[in-house]
Amino acid sequence: MKMSARNRLPGTITEVVKGEAAAKVTLQVGDNHMVALITRESADELGLEVGKQATALVKATDVMILTDEGVA
Amino acid sequence: MKMSARNRLPGTITEVVKGEAAAKVTLQVGDNHMVALITRESADELGLEVGKQATALVKATDVMILTDEGVA
Amino acid sequence: MKMSARNRLPGTITEVVKGEAAAKVTLQVGDNHMVALITRESADELGLEVGKQATALVKATDVMILTDEGVA
Amino acid sequence: MKMSARNRLPGTITEVVKGEAAAKVTLQVGDNHMVALITRESADELGLEVGKQATALVKATDVMILTDEGVA
Amino acid sequence: MKMSARNRLPGTITEVVKGEAAAKVTLQVGDNHMVALITRESADELGLEVGKQATALVKATDVMILTDEGVA
Amino acid sequence: MKMSARNRLPGTITEVVKGEAAAKVTLQVGDNHMVALITRESADELGLEVGKQATALVKATDVMILTDEGVA
């Protein structure tokens, strides 16, 4: 299977918080944290839990760019 | 300034491709590549170019999760 | 009224799950299921409930493409 | 700091509804209301509450266009 | 017709830039500018052009929040 | 591999329009058309072309709901 989504960041799940409809999943990806807000249904079906390996996937249209224009 | 967007991944720009309306910007973020599709206007205004430091920013609602269920 | 959003998929609501802030709505669209995560406010105001006709609407920038490269 | 996200709409928070994983935040922006569905974590960390000044931020790829073709 | 998308900001088109696949559309909405990146197909079909009335439409899950923690 | 993205709509590619940075891909999915705006890079790498089988993939947070309140 090939996917158009450009961004795949493999990591380890460090937190899962489940609400009724939504769930928040946090991953450690290298030196960064990544947070995903998905349906609770997905979190249940994928059996997401702390310590499990998982990959954060992001479509290129959803990535913004910040630059830090240092002030002298 | 504080921002609700949960995901910030600092890196270095490795490619900028500009169309009329859109632009594609690629960053090296640790061991991963990240690709952003933004307006060309943004790419021009921020002066994005190869070698410049920049941060990829992603809202948590735009992050999906993949798991790899290995089959023995 | 005309809308730039390219994708409209008419169907029937098969499930509504309401949390405090978010709600999950599932539609049967032809042979496919479609799941939407929206605000609970929207689900209440539109009176979404099982059996009601509704249309899933998706902006083209939010559609990804998968291909299945079969290996012989 | 400069940001590629094109749309910034300053306003005043008029409602915050927190669920377990998600939170809904409503702002008054000029004559319009804007509603954001973010993680509860963000709402807590930014200390979002009614009456506080805040800015709604939207990436250009997430903006759709409606036109009203009046029928004579 | 009722729509779950919470955010509708009526304005006037001030710029349209068309590429092959994408188009950028700018609106004046009260005191703010809003920029949309849509398909060129949409821009053509809706006949978007400078001076025309149009409404920017944004799903709540695509709105982020910024706060400005002023330092005295 | 399992994926949190809830919506997968299999179909056949009916059009591919490539710009410099972006590409528009149209699929026939049952009785509906689906249009995706992705990076040109993705369209090239996946070898997307008319007549090829492909699946449209959409995250639940990106699906809106319309209802048609008929007026008697």
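Think of it as A, B, C, D, E and F in the order they're written, each chain with its own count starting at 1.
Everything below uses one rule, namely that contacts are C-beta pairs under 8 Å (C-beta built on N, C-alpha and C of every residue); 3 or more make two chains touch, one makes a residue touch a chain.
What you are looking at is a predicted structure, and each value in this text was computed from that prediction instead of being measured.
K.L.:
Which chains contact both subunit D and subunit E?
P.N.:
Correct list: B, C.
K.L.:
Give me the rotation angle that lays the C-alpha atoms of subunit D onto its copy subunit F, rounded to the nearest 5 degrees.
P.N.:
The two chains, subunit D and subunit F, differ by a rotation of 180 degrees.
K.L.:
List the interface residue numbers of subunit B and of subunit D, divide the shared ones by all numbers used, and answer same when the ratio is over half, different when under half.
P.N.:
Subunit B and subunit D contact each other through largely matching residue numbers.
K.L.:
Just the number, please: Cα centre separation of subunit C and subunit D in whole Å.
P.N.:
Going by mean C-alpha positions, subunit C sits 21 Å from subunit D.
K.L.:
Using CA atom averages as chain centres, what separation in Å is found between subunit C and subunit F?
P.N.:
14
K.L.:
Do you know which subunit E residues sit against two or more other chains?
P.N.:
1-6, 19-22, 24, 35-42, 46, 57, 59-62, 64-68
K.L.:
Please give all chain pairs that are in touch with each other.
P.N.:
Contact pairs between chains: A-B, A-C, A-D, A-F, B-D, B-E, B-F, C-D, C-E, C-F, D-E, E-F.
K.L.:
What does subunit B use to touch subunit D in their complex?
P.N.:
Going by the criterion above, the answer is residues 1-6, 36-39, 41-43, 45-46, 57, 59-61.
K.L.:
Report the residues of subunit B in contact with subunit A in the complex, numbered from low to high.
P.N.:
5-9, 24-25, 27, 29-38, 42, 46-48, 52-68
K.L.:
Provide the residue numbers of subunit A that touch subunit D in the complex, in ascending order.
P.N.:
17-24, 35, 37, 40, 61-62, 64-69
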